[in-house]
Amino acid sequence: MNNPYLPYPVRIDSVVTETEDRNLKTFKLVFLNPEDEQKFKYNPGQFAELSIAGLGEIPIGIATSPTEKGFIKFTVNKVGKVTNHLHNMKEGDIMGVRGPLGNWYPWDALEGKNVVIIGGGFAFTTLRSSIVYMLDPANRSRFGDITVVYGARSPGLLLYKDELAAWEQRKDINMHITVDGTDDPNWKYNVGFVPAVTKQKAPSAENSYAIICGPPIMIKFTLPVLTELGFPPERIISSLEMRMKCGIGICGRCNIGSEYVCKDGPVFTLEQLSKLPNEY
Amino acid sequence: MSEWEPKIVAFLCNWCSYGAADLAGVSRLQYPANIRIIRVPCSGRVNPKFILAAFRSGADGVWVSGCHPGDCHYIEGNLYARRKFALLNSQLEYTGIVEPGRLHFSWISSAEATKFAEVARGVIDAVKAAGPARHFIKKQAEVA
Amino acid sequence: MREYTERIREAAKRLLSEQRVDTVIGFRRGTVPFMNEPFLVKSVDQVDQLYWDSNCGINLANYLPKRTDRVAVVAKGCDSRNIVVHLLENQIKRDQLYILGAPCRGMVDKRRMMADLKGKEPLHAEENGKEIKVSGRGFQVTFDRQTYLQSNCAICTHRNPVVYDELLGDPVEEQQGVDRYPDVRRIEAMSVDERWRYFQELIAPCIRCYACRNACPLCYCPTCFVDESRPQWVGKTIDPTDTLTFHFLRAYHVAGRCTDCGSCERACPVGIEVRKFTKKLEKEVKELYGYEAGVTPDQRPPLDTFKPGDPEPFIK
Amino acid sequence: MSDIYISRGKFPEIIGQLMARYRVYAPVLKGEYHEFAKIEKTEEADLGYQNTRLSPKGLFHPHAERMFEYSLVKDDPQAGILKEAPKDFSPRVVLGIRPCDAKAFQLDDVNFDTTAYQDPWWVRRRQTTTLIGLACNEPCGTCFCTSLGTGPFDTAGLDVLLVDTGEGYTAQVLTQKGKDVVGITSGWESVSRTVSEKMEGLRKSAEDSLGRQFDFDPIKQKDMLELFNASFWDEVQFACINCGTCTFLCPTCWCFDIQDEVWGDKGDRIRLWDSCMFPLFTFHGSGHNPRSQKLQRVRQRFMHKLKYYPDKYHNGAACVGCGRCVKFCPVNIDIREVVRRMSATCVCPA
């Protein structure tokens, strides 16, 4: 019997420090057994359990897109026991990955639609996955306009800065990068909170879906903006965070109402969320 | 096989006993090498959990040493500690977790290098007499 | 003990309607024999649910920390001592409390009655003065209340509340010449290996549900040491070393604070005599520092103070 | 297959025959209470019991069990790579389990054995275990199985159902697994009419003694959020001390934690029972806790059993009415009272 609790062994191929506070690092992982990579078929929006023997597991969104082959990447914030240890791990170290887990952004429904991506802080990981996925030459024609509003507290706290810069140059994606504030005189993008920038850029709700991930306070103030722009609740998509253990809907920990966030989520539409207890 | 040598964890106050250990070393006073020193800011900083953690990890003995009453760098840390340790000591023996001779407390000032070496030898002898730790060691969890 | 029921209701009604308090904490009658449920009365129309008999062994002081309202609470001797401990530890303010003191003749031990019923299931229990009439399918037995007291109540020396705003009845006679520690001395007399085995066997049935900890009014830490992860002091499984670490440290954390109210033992679903851990500490505190928890509102708890000449025979 | 019968005197032989081929687990008296344990001698099995204090869920989902082991030796190429811990999955018989507890395993199956994921330990134990049930002739005062779709003589989830008819036991064989275990035993006879009538009488009196203590159906119809926001939770939760007694004793509470433990240069990944009553259960790494309040946790336990589970699986409540939580809750929170409140037609505003 296939054991869904058994992680695939992986090797850390590289570690990149993303932010100036050094609290976020991106780990590029390569499967030790190539056949495991074949089994690890995922969609943007899914997550995986990163496993470190002796410490435990952590559920982390997959930051790479399935169009990127040969490796997977995770951007990890340093908060607890496992993540602190992970931040001290080096290239070549062995760890485990279990997944892919959970549902994903509704790519079938998004086909032929404009996609508005709104992200804040380090919740940009599965959004990066989604952007890379949609921009892939094989996929780009499947989607309409792509608009991205991405904010962080300061320029140094933005993730994936090189890619952001590259996307800025492209014609097939509307990038709106913003920071809450900066004293950098050379800052060439927006200054202001994500809700305000969203309101200002006013992406059209027509034939559009919005995917929103970020700190609760950002989501709280952005949702009214989206509603004002005409996005109905069933076209606003978000991803929940919960404490998880098994990741496969068995251990019961991430239960909200009749859903398990790990298996039935983490992606929910605003409409679905409105029918659930707000214990998240 | 070589003869068993006990592992002893010593929590030494930075302001006195740790200095005494240093002085004992500089003065070339001899005592066996069974003691692993952990420097703490005050004997009052030694949480009973530290002592339990040492035993759980397999220490054969634990020794806590601080400043003489009245000499605490923080005025009264060791006086609170004294009450804490009195109860801990008796409860550990009462529950059979620690046999007599494994857990030691002392007051040693930074000038008392000779006393430090003497007490160290005494602690080591007592732990040797108690033998290898048997009771309270966390090994592989006893689960299904 | 049942006569308090009416007085509690009367007092609750009066205090609520005079707006002396916002809420009243007492018990309501349980749904199964030998059990009552701690109950918060918020309005006068709930007052008649209040109830009192010999099955009110849960310590109501447990429900006080961090309360912000003005609250009346029914307090037995032990509960009142725990209120004193709360006051000393700033968990609640005296002026928000209205203590309905319940001079207490002891609570009964469900477990011992159940044991003597030998598998027969009690369906009804009714207390009448000194007797408890128990009946079930095809049987009826009468238990003598005094014989079936909780073991901590049988050796209680503070049956009357030590602080109160009014008493629900005349003070009861305190038990005289009680030997509180025969069991402690019996364990002390064992060899160290016997003591180790004794405590191993004592905790063997533990399922780590933490009912003992949570029933205790003293266990109000925002994060208990068993829940700390950095570092993790103790494993979470039922491994004997981990379970013993938990019980040892739980008892140690209540040293000099424990009033021997017996809530921990009463709450334990698997019948572990967890007071075996706490009573030794209580005895030591009394012998070394002459302190009894919760009896003197103006004296700091023993581990929160010291005397220059404290005994130190164990220190080199 | 029609019912069969064996006299009380011959029954120990049946147990002996089972023990020769299977690992046999049965109620064993330990201290004042019974618990399911592997028996080494036929006389250890005590079928005169009422029910175990701990539910038998531990037979399939132990309090704590090793999932994986690993080495942490520095130069070991396998260091940090998890290996499944070896387990004994040889065939076993659980003898004398109560119908409510067997039903509970069925309710838990929909969690552990899904189309997407199969919990390997649960599923393998379920596959290799045969359940020989024992009908309840005298249900407890705290039992309410009949109010939740099972009953003292319910056969759901069982392979064989025994009924103690006084002088002996009747056996109703219910599945192929049941046929197989009964097939290796001998000494059975056919059921006489008197025994058959007696059995019916026992069933009726047991079911009548339980009655219908509440009506669960209205809860199914109600809106989840209306129940969630109901004002009665405040009163329900007051007495709760947030211990794990109810969840640990419950046959349908399956929630677990996963922990790594290291000793020396080896380690284990262990899973162990956890409880939604504990604040840590939902505590995020960030410090945020969606169920930081006692009320939220108490509500979660009852809502999960009585509303979320039924809504998710359309399988009835995740409660079989065994009454353990009622009996052992230190503060007498009675799930029957909670069901009555949840199903009451008018959930009046605060």
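Each chain carries a letter (A, B, C and D) given by its place in the written order, and its residues are counted from 1.
Here is the rule we use: contacts are C-beta pairs under 8 Å (C-beta built on N, C-alpha and C of every residue); 3 or more make two chains touch, one makes a residue touch a chain.
For clarity, every value in this text was computed on a predicted model and none was experimentally measured.
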{"item": "Pair joined by more contacting C-beta pairs (C-D or A-D)", "value": "A-D"}
{"item": "Averaged-CA centre spacing for the pair chain D and chain C, given as whole angstrom", "value": "31"}
{"item": "Chain centre separation (chain A, chain D; CA means) in Å", "value": "39"}
{"item": "Centre distance in Å when chain B and chain D are each reduced to the mean of their C-alpha atoms", "value": "48"}
{"item": "Distance from chain C to chain B - Cα centre to Cα centre, in angstrom", "value": "36"}
{"item": "Chain D, residues touching no fewer than two other chains", "value": "63-64, 257, 259, 261, 270, 272"}
{"item": "Chain A: positions in contact with at least two other chains", "value": "80"}
{"item": "Contacts with 2+ other chains: residues of chain B", "value": "138-139, 141, 143"}
{"item": "Chain contact topology (line, ring, star, complete or other)", "value": "other"}
{"item": "Inter-chain touch pairs (all)", "value": "A-C, A-D, B-C, B-D, C-D"}
{"item": "Chain A-facing residues of chain C, complex", "value": "229-230, 232"}
{"item": "In the complex with chain D, residue positions of chain B that touch it", "value": "138-141, 143-144"}
{"item": "Chain A - residues contacting chain D, complex", "value": "1-7, 9, 51-58, 79-80, 83, 93-96, 241-243, 245-246, 248-253, 255-259, 263, 275-277, 279-280"}
{"item": "Complex contact set, residues of chain D against chain C", "value": "30-32, 49-50, 53-54, 63-64, 138, 140-142, 235, 238-239, 241-245, 247-249, 257, 259, 261, 270, 272, 275, 278-280, 326-334, 336-337"}
{"item": "Residues of chain C touching chain B in the complex", "value": "187-188, 192-199, 225, 231, 233, 235, 237-242, 244-245, 248-249, 251-252, 255-256, 277, 280-281, 284-285, 288-289, 302-303, 306, 308, 310-312, 314-316"}
